[in-house]
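Presented below are the structures under discussion, each in the form of structure tokens.
Note that chain A is present in both complexes that follow, paired respectively with chain B and with chain C.
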Partner chain A sequence: MIIVENLSFSYTKSPFISGMSFSVPEGEIFGFLGPSGAGKSTLQKILIGMLRTYQGSCLVNGIECKNRTKNFYENIGVDFEFSTMYEKLTARENLQFFSSLYEKKPRPIDELLETVGLEQDADKRVADYSKGMKSRLSFIKALLHDPTLLCLDEPTSGLDPANSRIMKHMILEERAKGKTILLTTHNMQDAAELCDRVAFIVNGKICALDSPHNLIMSKGAATVTYTWVENGEHRASCPLEQISSDERLKNLIAKNRLQSIHSSEPTLNDIFMDVTGRTLL
Partner chain B sequence: MRLKKLFLLDMRFQAKYGFYLLYVVLTVIYIAALFALPENWKEKAAAILIFSDPASMGLFFMGAIVLLEKSQHTTCALAVSPVHATEYVIAKVSSLSAISLVVAAILALAADADNLHIVLFGTFISSVIFTLFGIIVATKIASLNQFILWTVPIEAVCFVPAILHLFKITPAWCGYYPVNVCMDMVSGHSSSAIGFLGVAATIIILFVFSRLFVRQMWDSMGGVKL
Partner chain C sequence: MKAIRLSFFQMAAAMRRDMMLFVSCFSPILAGFFFRFAIPLIESALTDSFHIAAIISPYYKLVDILFAMLSSTMFCFVSAMISLEERDEKTAVYLFITPLRKTGYIVARFGVPSAIAFLATIILLPVFKLTPLSPLTILLLATGGTLQGMIVALLVLTVSSNKLEGMAVTKLSTLTIFGAVIPFFITSDIQYVISPLPSFWIGKAILENMPLYMLPAFVLSAMWICFLFKRYLRKI
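For the complex of A and B:
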């Protein structure tokens, strides 16, 4: 679906993206994670054919992005971080218009509106929508023509937890239908929940690329933390793989003196900081 | 099909932003002005009114339309859609020409102008030229002030010669100048084949540049200065 080889790009004379190579197979949710200005949005713009002055190769659906024609967009759905709707038209009018630009038969507008809970507001002007409503509307706009590749930029930004949950459920449903999804986000929790693989991008380079689970497991072992009471409460930790050699823990278990015990894994955010030395914000 | 949808959307957009309402009001004012003028002034006054407003509205309104589209990021949505720059330009030109023709027809009828079909054809080609100029400028600007500034030279090279030509105070060879050919037709007079060829060539050149600049505007949505 996507093959990127030795990709370099620059807005000025100094390189902004350099030597990037990766591939994304069909039916995968692939996340670009990185702090602001790291190059993830630029990379996404290259992949959707908006930036065509790059070096190297970038194949999407078998088409070199720099040579794309407008038909390239028949199979790509883009959800920008901002609203791209005609503000004085209603949600329904916007969706009807944008769906009419594609050759494919559009997905039923009412069904899509209902899925994101906007059916009651379908005939309201987009200018009167809240930020969260606009996000949901933009998301279903990207699905209208049933594209094989979905590019989502911060899809849960501005959403309350319930709508964020609905959105994530819809993204997973699209993957189940075989769609390839590129997700650009700051939100590590979203990435860990949704992505099959993630790429950490810092300073225009991929610092790490793997599944969230493998990244977490390879870089940081889970630890076990336990507490007990002996002249006051005490706490101790040990790595999960060394649990059988922790004599104090074995002793406390044997005497049933443990007050609490729990295991904890590093988060994707911890791994990101470990790998890149940067925070996401 | 897609062209038709773009054309209808542009008309709806213009209606929602009050362009049509504005032209209803302006047309009433223009008709009142025409009726207030002496009979022998009416024909030339109608030609000036038609040429300087409905025929050239594309030059003035294109800045507002494209800036509104940019502010709502719909330009980004179109940049990543199968819409071609050619379709975008044709839809804009035809939607603005449609309202130009209606207003021009009402004014010409009010002035009891001769050769209505020539007046309307002249209005149409003038509208095409001015709208294409409007698109070229609008794709390159980021504010209404910039747009106004950049349209001044276009107004100077289009309106001054055309009005002087209408009052026959220009040399004969100026009759081939494309905007003068348009003014001849707007005032109900046909033009020579050479004049028509000049207009056709102007439209083709402006169309090619409009299309190129729309493509560049869409590409610049990616963040690259072109």
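For the complex of A and C:
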């Protein structure tokens, strides 16, 4: 589906993306994680054929991105972080116009509007929509022509928890249909929840690439932190995998003297900090 | 072709929704009526009042030139305004990643409106002209006017970053069509200070009845368009 080999790109004389290689098979949700200015959006622009002055190879659906033809876009759906709607048109008019540009038969507009809870507002001007409504509308716009590759940029940004859940559910449904999904996000929770694999991008390079589970496991097991009172409050930690050999903890449990105990699993953000020395949060 | 056609229709619909742009498209016809019927009446009234043989009539050729450029410029202005709105709303960016692509977008927003501007000038100029113009002259004027319209549109799109700025820049960039006025009023060599403007050569070609002067007008227009178009492509 996507094969990137030794990709380099530069806006100026100094390289912005350098020596990037990865591949994304069909039916996978692949996440790009990184701080602002890391090169995520540039990479996405290259993959959707907007930037064509790159070196190396970048194949999407078997087509070199710099040589894309109009058919290239029949199978790509993009949901930008910002709204890309005609503000003076209604949601329905927007969807009708954008779907008409494709040769493919569009998915039923009313059905899509209903899925994201916009059926009642279908004939309202987009200018009167809230940010969250625009996000949902942009998302279904990317699905209109039933593309095989979806590029989603911060798809849950600005959404309330209920709509964020609906959106994530729809993304997983699209993957179940065999679609490949590229997800660009700052939201580690979304990435951990949705992505089959993630790539940490910093300074135009991939610092780590694996499944969220493998990346988290690579840091080691969770730690257990407990507190007790003995001439004041005390706190101690031990790795979860060594809990049985912590004599003090065993003693405190035996004497029912624990004041609190909790485990803390490493998050994707911890891994990101470990690998890149930076944080996204 | 389907995407280009639909995108152009989308632009036409946007134009219909915006009263200012809608009126702008028909302003060449209103101006044509004024030029063709009101100016001779004013001339007649002035010559009668001042007992002079001719006051405005020596400049009728200039009126025809300005009309040829006005009609093209107005069509190109409308498409530039809609493109600016699409840039503001970021719909243009989205259109680039549909089967329309950047090339199709440019054709729909510049190619088709320029062709319509050319045809409109070919049709309107014989109706509203004040001087006898040969079919060849009409053709040359329509071509020169269309190229001038493209220059104005590209100037607006290159210099301004939103619709409001676009309105201001349009007023300034429309001044470039007034290069045609110079040969009519300045006969000394100082007139060539304005020679980088294609409109100057269009004015000179019609005033001196020298169609060959249209050649520098076309070459200069092509240079202006190439220069501005490159800047525009970098901007979008």
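As a convention for this text, the second predicted complex is superposed on the first by the 260 of 281 C-alpha atoms of A that agree within 3 Å, B and C clash if a C-alpha of one lies under 4 Å from a C-alpha of the other, contacts with A are read in each partner's own complex, and residues count from 1 in each chain.
The rule is short, and it goes like this: a residue touches a chain if its C-beta (ideal position, glycine included) is under 8 Å from a C-beta of that chain, and two chains touch if they have at least 3 such contacts.
These numbers come from a predicted model, not from an experiment.
Chain B and chain C, once both complexes are superposed via chain A, clash. Partner contacting the larger number of chain A residues, of chain B and chain C: B.
When the two complexes are overlaid on their common chain A, residue A:S164 makes contact with neither chain B nor chain C.
Of the two partner chains placed around the shared chain by superposition, neither chain B nor chain C is touched by A:N187. Look at A:Y11: by the touch rule set out above, it reaches chain B but stays clear of chain C. When the two structures are aligned on the shared chain, A:T53 is found in touch with chain B, with no touch to chain C.
In the superposition on chain A, A:T115 makes contact with neither chain B nor chain C. By the touch criterion defined above, A:T42 lies against chain B but remains apart from chain C after alignment on the C-alpha atoms of chain A.
Contacts of chain A with chain B, set against its contacts with chain C after fitting on chain A, overlap at residues 48-50, 70-71, 73-74, 76, 78, 80, 82-88, 97-98, 100-103. The touching residues of chain A, when paired with chain B in their complex, are 11, 42, 45, 48-53, 70-71, 73-74, 76, 78, 80, 82-89, 93, 97-98, 100-103, 141. The touching residues of chain B, when paired with chain A in their complex, are 1-2, 5-6, 9, 12-13, 16-17, 72-74, 76-77, 79-84, 218-219, 221-224.
Considering their complex, residues 2-3, 6-7, 10, 14, 17, 89-91, 93-101, 104 of chain C touch chain A. Touching chain C in their complex are the following residues of chain A: 48-50, 70-71, 73-74, 76, 78, 80, 82-88, 97-98, 100-103.
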